[in-house]
Amino acid sequence: MAGRYRHSAAAKAGASPGTLVHIGEQKLERVFLTVIDYDADAVTPHQDINMAAALTCCDGPRNTWLNVDGIHDTAVIARIGEHFKIHPLTQEDILHTAQRPKLESFDHYLYIVLPMLRYLPEEARVISEQVSLILTDRVLISFQESTGDVFTPVRERLQKNRGRIRGSGCDYLAYALVDAVVDHYFVILEQIGTRIDELEEQTIDNPKPEILHRLHALKREVIGLRKRIWPLREVIAALARQDSTLIHRETAIFFRDVHDHTIQVMDTIESYRDLLAGVLELHLSTISNRMSEVMKTLTIIATIFIPLTFIAGVYGMNFRVMPELEWRWGYGFALGIMGLTALGLLVYFKKKGWF
Amino acid sequence: MAGRYRHSAAAKAGASPGTLVHIGEQKLERVFLTVIDYDADAVTPHQDINMAAALTCCDGPRNTWLNVDGIHDTAVIARIGEHFKIHPLTQEDILHTAQRPKLESFDHYLYIVLPMLRYLPEEARVISEQVSLILTDRVLISFQESTGDVFTPVRERLQKNRGRIRGSGCDYLAYALVDAVVDHYFVILEQIGTRIDELEEQTIDNPKPEILHRLHALKREVIGLRKRIWPLREVIAALARQDSTLIHRETAIFFRDVHDHTIQVMDTIESYRDLLAGVLELHLSTISNRMSEVMKTLTIIATIFIPLTFIAGVYGMNFRVMPELEWRWGYGFALGIMGLTALGLLVYFKKKGWF
Amino acid sequence: MAGRYRHSAAAKAGASPGTLVHIGEQKLERVFLTVIDYDADAVTPHQDINMAAALTCCDGPRNTWLNVDGIHDTAVIARIGEHFKIHPLTQEDILHTAQRPKLESFDHYLYIVLPMLRYLPEEARVISEQVSLILTDRVLISFQESTGDVFTPVRERLQKNRGRIRGSGCDYLAYALVDAVVDHYFVILEQIGTRIDELEEQTIDNPKPEILHRLHALKREVIGLRKRIWPLREVIAALARQDSTLIHRETAIFFRDVHDHTIQVMDTIESYRDLLAGVLELHLSTISNRMSEVMKTLTIIATIFIPLTFIAGVYGMNFRVMPELEWRWGYGFALGIMGLTALGLLVYFKKKGWF
Amino acid sequence: MAGRYRHSAAAKAGASPGTLVHIGEQKLERVFLTVIDYDADAVTPHQDINMAAALTCCDGPRNTWLNVDGIHDTAVIARIGEHFKIHPLTQEDILHTAQRPKLESFDHYLYIVLPMLRYLPEEARVISEQVSLILTDRVLISFQESTGDVFTPVRERLQKNRGRIRGSGCDYLAYALVDAVVDHYFVILEQIGTRIDELEEQTIDNPKPEILHRLHALKREVIGLRKRIWPLREVIAALARQDSTLIHRETAIFFRDVHDHTIQVMDTIESYRDLLAGVLELHLSTISNRMSEVMKTLTIIATIFIPLTFIAGVYGMNFRVMPELEWRWGYGFALGIMGLTALGLLVYFKKKGWF
Amino acid sequence: MAGRYRHSAAAKAGASPGTLVHIGEQKLERVFLTVIDYDADAVTPHQDINMAAALTCCDGPRNTWLNVDGIHDTAVIARIGEHFKIHPLTQEDILHTAQRPKLESFDHYLYIVLPMLRYLPEEARVISEQVSLILTDRVLISFQESTGDVFTPVRERLQKNRGRIRGSGCDYLAYALVDAVVDHYFVILEQIGTRIDELEEQTIDNPKPEILHRLHALKREVIGLRKRIWPLREVIAALARQDSTLIHRETAIFFRDVHDHTIQVMDTIESYRDLLAGVLELHLSTISNRMSEVMKTLTIIATIFIPLTFIAGVYGMNFRVMPELEWRWGYGFALGIMGLTALGLLVYFKKKGWF
């Protein structure tokens, strides 16, 4: 539905900016806070702790990753916003779940928002969730709409001290999260690629009309994906250019790598559009060709029998004087004429290459 | 109608620039002036006051919002223009209701023009009106074609001192008005999104030919919307870049936010175009598929009966000597041949996958 | 015809640049010179004066507008070129009537060339003429292919001292002429808009095949218009940027206004292209839908009668033993079967939603 | 054929750059050298002289134009290359006849390559040849694939001392040659324009299927032309920008003029693409409309007769008891029913607007 | 298959960057190292040597080309990476075989990755392989997925000291390899060009439906090719701009030449897309035209016989009183009417231009 791309604006049009109103579906009953405190030597995870404890952790000397699951509770956002001196517009943006991916640079923090797509194999569907990241000097705060994310491998790397993640700053952690999100796009793209291949095969083997609806739905999905991911390109390019002092030079090189992946995602989406257009074209042409073949065959049959029926009609006339009717072999003669007519037409059609 | 996009130029072609001629429909009988005088401590609204009183308010020490409903009276515009030293071309632009959105920066004022769209739910239609804003250091003047606007929430925020509006300058008030206008676009877009969804559903369920006309009308509406909103992007980008000293640094951050919304509006319009094209394509293909199915079925019926009729014709011939006619079971034999022929054709068509 | 867009190049390919050869149709028998001498206090028009007198006027202390109607006489151009030291390439360009709009800046003069379109209501057609302007410090020279132009209001403003035209320099006069030309484009666009609306209405009411040809012709016209006006955008942008010292700061503001109009013209042309494509699509779909409806109805009629004819054929067979034929109510029985068959088919088609 | 756009790469893939291998068709038996030695006072042409003499001329104090007809002899190119210290890559490029138009600037020479198109009226076809120009301080060397070119008017201007060609340097001569080549494109475009007009007329008058193939061929030609000429734009823009010191300021103004022509060529090609697409669309729609009209008429005829035939069939049944058959006016009654049925159907179809 | 464009991301999503995991198909059993040690005087090739020996060669004073066939063994990459201090992300990129072409510039080395396409004539198919180049001051390392490449002519030039390759640095060797890869694209393009020509010919001669599938497959191939080669443009432009100090000025000129070739490749691909679209259009129109011709002919035959059959039906009616039946020449009269009807219809259809 087109509604998927909409901003539920009626609810808030004209309200004061920075008014904290959650726009979107509430996906959790309450908000869960998770804190991971780490430095090169140790890592301390805190599951589901309360706000006061979480903020205390953040003020400690170590790097801290504060993850917030659930963004429907404006009080939570306001409390965090106040603690970290986050601009009211940023707080508002965290609450709105129909943001375009964007990067906003403030004096003491960076705000990154991007869509996290997850493929649930058991349900064979894609879940989309908005992830907001606030990066300050020593703290990274991530806001998710719901529990469950694509960050498990990042948590494991922190725990098991794999790679450079523990030894680097929060900017590297931000990179790790963004990278995990972008890497997951490829999983989604693989699903779509497989479905395009299937539809193409079906189109060649057995072009049923319902393929049309499935192609349409897939095309719609690709349009939506493109619309959501497209602005990410600039966001990550800005991170790779190291526009903000919060991103260190070594981390910028890693963002350059994510940037390459984003461009690859966009390229793949573009080529999927081309491929889908091609499959649709192929489908319509194949359907139309098949239909034409059917019509042609049927028309040839009809056309052959119409003159024969005419001949039969002629000898069914009741004129008193019709010499042929009296002939000994009149009947055979009539059948013969019919046979010859049919044969003549068949030869003619064959010669014309009509079947 | 294409006429909607036209500039009624014949009326004025070649006239001296700055000649004040109202171009557009006169929507009100007379001009209504409303003044809201405010500072951080108090707000004083003046409904429908006369010109002299209004200009006196504007010259006072407090921030003033002068709203002009009705732009057909050139004398009013000329009087205001003279008082605020507004360039003749700007005065002319205020009077012409087919302006492209634009921002013009003069030494002592900014001129912003943008289209205000309102959805009237009771009449189920969209009203478009041109809004011109003149921003000087202490005064904001807004010109509307008619009474009724999307600014009610802004007036309430001023009255009830919500947010930072009372404590900020006129540039923030300008932001609040522009933001209200842009936020309302989302309401319009929601309407269009809903209609696209409806048409898509109808196309899948029951693709009647009249959907074609409705799709065409909707596409036309989207083209018109795009044409009108497109240039707004640059206008608001310029405001966010803080090109003029009349826009303060803190307000520029808010305009950056409106800029994001404008881009989101354009993205949505673009994806609506894609969606509409997709629905149209689906509609045409579905119609064509259905028609083909009908034709195929009918042709199959006709094709089966034509050979049968031929056989009946043969045994309706009046040859004197036709052995079959004399047979005891001749009639049954003929019916049998017919039955077998019909069956043979059905089997053949079935095998070919034609039904 | 495509020829409309052609440069009659064969005539001159390879000739020395600056060779004065008139390329285009000769529209007048002789060249008419008109001079308007003016300053803030007075204006002196000279109709159809000779070359020597005209050049004397130009050398006077007042601002002078020298208008040349007819550009087929190379001697006239050469004489003016020599007097004002105009580059041979510019002289050549004045003579060629298939120029792209362009602005060329030389040390002591500006050369502007643009297409002047006029709608002749009595003949219901559009006339296109090339206008060249040479702007020096105190003189503006305009070259037209023929008498009759869109400059009458400008002449009146000069005569009646309306607006700032008499008090400003020749650059303002140049602006006034360019503005008059661009304003006239809107008149042409209105004609085209009206025709698109008419064709759309006819398409919805009664989609005759000849509409196709009219749509095609209109599309061709819009393509031609776009091609001719498109480069004007850059020309006027350059004037508004005040690239040359011959354009004063105050006049540049006015050119900025013309620039807005030009962009509006281009936007309108673009949306006309979209609208025309939409109407064409609608037309083809409507025609195709109508045709399909006709075919379907006819095929349904044929399909209902074919089985009935078959039944009649069966009872027209001449078998000696056909029990039904001997029945008392055989005829009624046969008619009954036919009626039931027809009814059955009608119910079936109805149920399938085929009519 | 697509082959026309190919680079015969297999022959040379991976070879050392600067390896002199002629790629293309050999069009002449041997190489012809022509030298024109000139200054403001005199011009000395040397037809078909040998290499040593040619190089001696080039070393003289006067401006020299060395024209080489035939580029298959790598020894000739190598000799010239050595004499003028031409980079091996340039030598290689001269020999490859599938170059994109390009400009390469070296310390002591400019290398320009562009396609020369000639229309041979007697054979009604277009010949394409690659022209390479090497411009040094006092010498211009032109390489052509074959004898015969579009430079005859330039030679005449040199001979007869027309225009400024004899008094200017070799850069002006280079301009004159490039201008001659570009001017000739218009001749080719005129041919194409005429053919588009013809095909459009035929499409409106008598849309035969073979027009489709001619439109396709023309479109292919326009695509090829566009591909070959497109890069020329940048080449000539660079010359007009006077990027190299080998181009004098006065000559750069002339190249600016050629640049305008090139843009006009591209504009015309673009509008030809639009026109061709329009004619194709018109053709397909017209064909489809005509076909539909035919089918409709035929189907109407068939549909009217089918019920009549059914009635005839009814009264051809052999039931013993069929009261109508015994009526005095039974036959007339039957004919009457048939007539009324036919009339009824005609009126119905007419009312539906089907013919 | 769309899968061809996929990044096998599921395997690695979220892993630590720089984690060496081979992504792609393992094409060789083990890794083969080849070293060519050279300077202006001598060249020493080492086939299939071990790692330690290879690295010793690389540390020698002469230029060294280390070629690695097989990239599935992460230990090999890690060893080389450690020796040459290659960034972990670069090592990771070498292992992933679905990279976009890119150039990455580090302090002491350049990383270039590009796709190598080879046409295997014996198998009539194209093989695609990823080639990574690491260019340091004295060493060039090339990584290939498998043995067999397009570099044989480069090896020969090294061996036989042809051209400047032995006397130049490793940057020139890098140029030679990139040039060999790009030159080979033309071989692939020639194959595609030939296939387009064949399909076009078949479309004109005998437009069978299976051409549709072949056109679709070819279009898909061209889309894939375009996607893979497109980013190469920027890569080689950056090399030609000599952004890195590792590329010398003289070599940059050679990269400029490769850049021209790359643009030519892209131009050719673009024109192939246009050509393919044209052939597809032609194919569909031709098929549709042919089908229409068939239908029209068949319908004309049917339409002529239907009225004749009706007449026969009339005289087959069994009315007691039917005067014509008793006429002496009644039968002839009926046949005459039929003949005239047929003739009349034929003349009518002919006059209408229906056949």
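Per-chain numbering from 1; labels A, B, C, D and E assigned in written order.
Operating definition for what follows: a contact is a pair of C-beta atoms (placed from the backbone, for glycine too) under 8 Å apart; a residue touches a chain by one contact, two chains touch by 3 or more.
None of the values given here were measured: they were computed from a predicted structure.
Enquirer: What shortest step count links chain B and chain D in the network of chain contacts?
Expert: 2
Enquirer: Kindly list the shared contact partners of chain B and chain C, in label order.
Expert: none
Enquirer: How would you label the chain D and chain E contact, same or different, if same means the shared numbers make up over half of all numbers there?
Expert: Result for this pair: different.
Enquirer: Using CA atom averages as chain centres, what separation in Å is found between chain A and chain C?
Expert: About 42 Å, centre to centre.
Enquirer: Indicate the whole-number Å distance between the mean C-alpha point of chain A and the mean C-alpha point of chain E.
Expert: Roughly 26 Å separates the two chain centres.
Enquirer: What are the residues of chain A that contact at least two other chains?
Expert: Residues 295, 299, 302, 306, 309, 313, 316-318, 322 of chain A touch two or more partner chains.
Enquirer: Going by the contact rule set out above, which residues of chain B touch chain A in the complex?
Expert: 150-154, 157, 162-165, 179-180, 183-187, 189-190, 192-194, 196-197, 200, 204, 253-254, 256-257, 260-261, 263-264, 267-268, 270-272, 274-275, 278, 281-282, 285-286, 288-289, 292, 295-296, 299-300, 302-303, 306-307, 309-310, 313-314, 316-323, 352, 354
Enquirer: Per the contact definition, I'd like the list of chain E residues that touch chain A in the complex.
Expert: Spelled out, the residues of chain E in touch with chain A are 1-3, 5-10, 12-19, 87, 89, 93, 98-100, 102, 104, 209, 212-213, 216, 219-220, 223-224, 227, 231, 280, 284, 287-288, 291, 294-295, 297-299, 301-302, 305-306, 308-309, 312-313, 315-318, 322, 324-331, 334-335, 338.
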